[in-house]
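To start, the structure itself, in structure tokens.
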Amino acid sequence: MEQGTRIEIQVNGEARSAARGTSVDAFVAELGLRPEVVAIEVNDRLVRRDERGRTMLSDGDRIEVVTLVGGG
Amino acid sequence: MEQGTRIEIQVNGEARSAARGTSVDAFVAELGLRPEVVAIEVNDRLVRRDERGRTMLSDGDRIEVVTLVGGG
Amino acid sequence: MEQGTRIEIQVNGEARSAARGTSVDAFVAELGLRPEVVAIEVNDRLVRRDERGRTMLSDGDRIEVVTLVGGG
Amino acid sequence: MEQGTRIEIQVNGEARSAARGTSVDAFVAELGLRPEVVAIEVNDRLVRRDERGRTMLSDGDRIEVVTLVGGG
Amino acid sequence: MASTTLHASEPWLADEQLVVGDTVLHSRLLVGTGKYKSFEETAQALAISGTHCVTVAVRRVNLDAKSGPSLLDHIDRSRYVILPNTAGCFDAKSAIRTAELARDVLGTKLVKLEVLGDAKTLLPDPIGTLEATRELVAQGFDVMVYTSDDPRLGVRLQELGAKSVMPAGSPIGSGQGILNPNAIRILLELVTVPVIVDAGVGTASDVAIAMELGAHGVLLNTGIASAREPLRMAAAMRDACTAGRQAFLAGRIPKRLYANASSPTDGLISSHEKPRA
Amino acid sequence: MASTTLHASEPWLADEQLVVGDTVLHSRLLVGTGKYKSFEETAQALAISGTHCVTVAVRRVNLDAKSGPSLLDHIDRSRYVILPNTAGCFDAKSAIRTAELARDVLGTKLVKLEVLGDAKTLLPDPIGTLEATRELVAQGFDVMVYTSDDPRLGVRLQELGAKSVMPAGSPIGSGQGILNPNAIRILLELVTVPVIVDAGVGTASDVAIAMELGAHGVLLNTGIASAREPLRMAAAMRDACTAGRQAFLAGRIPKRLYANASSPTDGLISSHEKPRA
Amino acid sequence: MASTTLHASEPWLADEQLVVGDTVLHSRLLVGTGKYKSFEETAQALAISGTHCVTVAVRRVNLDAKSGPSLLDHIDRSRYVILPNTAGCFDAKSAIRTAELARDVLGTKLVKLEVLGDAKTLLPDPIGTLEATRELVAQGFDVMVYTSDDPRLGVRLQELGAKSVMPAGSPIGSGQGILNPNAIRILLELVTVPVIVDAGVGTASDVAIAMELGAHGVLLNTGIASAREPLRMAAAMRDACTAGRQAFLAGRIPKRLYANASSPTDGLISSHEKPRA
Amino acid sequence: MASTTLHASEPWLADEQLVVGDTVLHSRLLVGTGKYKSFEETAQALAISGTHCVTVAVRRVNLDAKSGPSLLDHIDRSRYVILPNTAGCFDAKSAIRTAELARDVLGTKLVKLEVLGDAKTLLPDPIGTLEATRELVAQGFDVMVYTSDDPRLGVRLQELGAKSVMPAGSPIGSGQGILNPNAIRILLELVTVPVIVDAGVGTASDVAIAMELGAHGVLLNTGIASAREPLRMAAAMRDACTAGRQAFLAGRIPKRLYANASSPTDGLISSHEKPRA
């Protein structure tokens, strides 16, 4: 019997799912975000801009997607 | 035909009447006041303690009767 | 026997003399002052600009000659 | 040939000497100090009141002898 | 000032007495009698405060009320000097009449003159105050005059014969303390009669600060009467007055930007780190 | 706080006692023993101040001097709690050694910890202070810790086990009083151990202000010892401490921009001018 | 206020102009001409300050000196309003004579009245000031009157016809800034003519504070002329005046005891420690 | 500081530039971007303020919102240096992660480090701040560190490699200005990196006062964004910053208790009354 094709992840504290084998890059696009204005953590570790393409999401990952907002 | 036996006066801004020929002394007693804790003005002029006996009230007099109260 | 031709006056507290019949105008010129930057008092009374010509100095006059200086 | 009978020590930064085998207790007495108003360190280590008797000074020891003075 | 008995036992607190005109005051704290819950509370607060001089106001008798107890029944005149004020007067004439009425009741010549400028700020009117001072002095009153902290106005009031100049630390009842210590300091240099800070005192440190400036006394009312616990505050004001006066006489240390060690700086045990200069 | 006897006679002054660790202090004024002209003056100033807790420093014995009288001969230990400090230490290690030495002389666990940052400002070094607090608490000391008025630093020191946080009102010996009342107020909200203002007090009103903010006590030395008349100033500081504390407990009146009449505003005699609103 | 051209390009700075009697002033900074090293420095400082109104004093001509250049040669009257003062007068009569002399030279009716009380403090004499104000107004002068910060005295001077009330922030040349902001605030509530803070300004922030209180202008001299670098300070005072005025008009945030986050408080990344409430 | 062009025309305003790590800042005013009504208002306020450095915060993307405009679209990076902060972090680890995230977005190493102690006061936690400073410096960040005004804490942060020490004048958003100028003054004596006053600024004079103390810059946000008229206040803050800086460089006059005449004291006209000495 074959394994599921989707993974369950947490994004900014909310439960989401993604296709197995999705890269961070692809996932950011999927979320409809502009890649140049966000930064990504996976499991409390920064995934640098240049690592996004080669970093694949895994089942159970905790993902933080942040951007810059007004602040003092 | 003989004249009225009472006079109309103002005491602390209120209309009052008194018997013609009433002295300030007598009037203070009439008001039920302790003479040693009050001072009296008739028509904006102080009537000193020692003048009260010989000072008679006249029709239309404006009388101020004051005492000492708490103040800073 | 003819009278003296000069009068003794006080200018800003100093003793000076002038020819009898000197006008305030003439005296200011004599002092080498620029008339437009000074004001004159004779015996504690202002002699207005337009009165200087017709105002003659008399023996014993006390004259104040002032100007504007730096101040706050 | 037998060894010297005195040791060289430092007390409050000054060079002193003492008889070999002198206890801290004895040394305090030697200095003419009142034992109850002083505290003693040997080589930066406190020698407690109850240890003074059994603690012997050794050649080269650095000794601090302190007391309480006025302070805020 | 605390009593002479106390001073006998504490010679280091020796101080001259405060004298206003002919009146010798045994305490530098003057206390008002307004706004208390009862005559009993008034009397107790006065006693606790240690004051020797209490202020009272002149008002119309309430003709409808039965002749009840008078404030005067609760102020022992053998113990306190009574200082009538002209509070509520907005012109010289009313203030003068009020002072005369008070003198007729009390038989004394001491008066605290107030001629106010407006009902909102209760700040003194300088012209009315000058006029009334001249007239009351002419009538033989010992005038203690409530004024702003304008030092030259204080000089003018002294020239007119005032026996004490009473600058407001801040507006009456505002509780803001001494808003301009510099003005009080200059006033103290310019006048010779006692300077008694009147009005604005909100808490104990305000009294201490006034006395440390060199003021000869402080008059207050609301600060005690309207505190959550008036009796406790009366004690606090009493102690603050003696504290500030004694600190003034003791001569405080100068202020520095920083540091002046209170413990010896030598005789330190050997240290691994040396202090940074 | 003054003696219980006094309170029996003055119930309105009731107050809880100041407790630091296991030590109950009967006065909220803590006094240092540095800079006095003589041991006699020291003892007299302490007595007048009414303090129950006096600070002392640890220093090398002068070996050349004949064994003379000791400060301890002049401080009656049945009357005063002795609080040794680590003044003059510029690193945690020296401060810890100094505390151990003091404990060995006194046999008590109370210590006032000072780890200073530099000799010019005598301001505390936060890192050394945190380190030494941790270590001394581990050794069983009751640590009263001198610190800046940084409220969160005070919280950290309490978390490490300090029994009292002692913020500087201003730099040691600067006599500038409480430079940042707001910081003291916030510190008082954030910590639960007693907050005792240490350093910077120049005159009586500084003490009153500290206590009015809600501080649990004040420690001072130079303000008394270096005043022109130390004994008089000792009395002033004593009274200022009770005044400030009582004012804090009494609940002061609020501050307003202006006026709040202390005499009644009705019952005025008829006036020619009406007050301007 | 800076020029209208500037405002055309900066609409958010829109402000009404300062009007004293008949005189419209394009800057709220008034500058004195005393104490400069040279007439050249005076002229340059005035230009940099952006002022539209400059004060001058009346003094005896030096008869011994050759008729040299006059200050008036260095003040372009097409550019500046000249405001003569009566500085140095200690009685009403001298001040009135001085004002008349100035008017005769300048042909203008604007005068800054000063009647001083003493040479040590240079504080204004209230009686002489009131007298001279009445007389000069009767003679048709537009009187701008130097006075203390006593709010009711300011009201009296306005009642006598003064066109501007000019309270001292602190004594002339003392550089202490605004010693009693509360008094200035109350004065601003009580009078309707422009209030121009005169005297006491020591540095830029003093000007800003005066304007933030709502003062209509500030007059200063020593603060610029006696600074180490007068030209630099002239620029600083210029900017401080516009800064303070604009801040007043902009409506500042309220003061709080503490904290009001400027960054969003939600959307934080997951944290190991949770903030303590 | 205003632009060099301006200085060419005003040589007397010459000033060195503010340099933080490798970053040269052309204005001494740093401005936050929080609390504005719109991105447009933000951009306009920044432009008016003349700032060269703007702070931003790091927050989670709102996944539900359609991908709308970003703040970054409204801040021209060729015109402004963007300074990301770690606001909202209550421990070193979160602050470090936040700094790394910001660096990944911006590609720059400048960071304003904030490690807060609690959510009520938003005062900095000294231990977390020290830890995060050490770590971020090790990671190659140019750390500008928000701290209390404790001078020795500032020294410790500089020792750990901070490129700028940013003391709070008063709590974030409290609008109380510089509560302890003395602490800032001492900090300026003890550290060599730029001191930029951060937090607490309520109005223009607060900025001027900070700069007059010698601070190298001021960072503010709420004071402008929450003013009734943010654009007007932006201009006020801009002018106050240059005013205060120039006043600091110009060298202010000393403060005196009183009087120092600005008009000549000789050459007075003959007077009936002689001045009282």
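By written order: A, B, C, D, E, F, G and H. Residues from 1 in each chain.
Keep in mind that, in the parts below, a residue touches a chain if its C-beta (ideal position, glycine included) is under 8 Å from a C-beta of that chain, and two chains touch if they have at least 3 such contacts.
Just so you know, these numbers come straight off a predicted model, no measurement behind them.
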| item | value |
| --- | --- |
| Separation of chain F from chain D in steps, with touching chains one step apart | 1 |
| Contact-richer chain pair [A-H vs D-E] | A-H |
| Chain centre separation (chain A, chain D; CA means) in Å | 69 |
| Centre-of-Cα separation between chain F and chain E, whole angstrom | 29 |
| Rounded Å distance, chain C centre to chain F centre (Cα mean) | 73 |
| For chain E paired with chain H, centre-to-centre distance based on mean C-alpha positions, whole Å | 45 |
| Contacts with two or more other chains, residues of chain D listed in rising order | 13, 41, 44, 64, 66, 69-72 |
| Touching two or more other chains - residue numbers and ranges from chain E | 32, 34-35, 57-60, 85, 87, 97, 101, 117-118, 121, 123, 171-172, 176, 182, 186, 221-222, 225, 257-258, 262-264, 267, 269 |
| Each pair of chains that touches, named by its two labels | A-G, A-H, B-E, B-F, C-G, C-H, D-E, D-F, E-F, E-G, E-H, F-G, F-H, G-H |
| Residues of chain G touching chain H in the complex | 10, 12-13, 32, 34-35, 48, 57-60, 62, 85, 87-91, 93-94, 97-98, 101, 116-123, 171-176, 202-205, 207-209, 212, 221-223, 225-233, 235-240, 242-247, 249-269, 271-277 |
| Interfacial residue positions of chain D with respect to chain F in the complex | 11-14, 31-34, 36-41, 44, 46, 48-49, 64-72 |
| Chain F - residues contacting chain H, complex | 117-118, 121, 123-127, 130, 148-153, 155-156, 170-171, 176, 179-180, 182-183, 186, 190 |
| Parts of chain G lying in touch with chain C, wherever the complex brings them together | 32-36, 42, 55-61, 63, 66-67, 70-72, 82, 84-85, 87, 97, 100-102, 104-106, 172, 219-222, 225 |
| Residue ranges of chain A in contact with chain G within the complex | 13, 41, 44, 62, 64, 66, 69-72 |
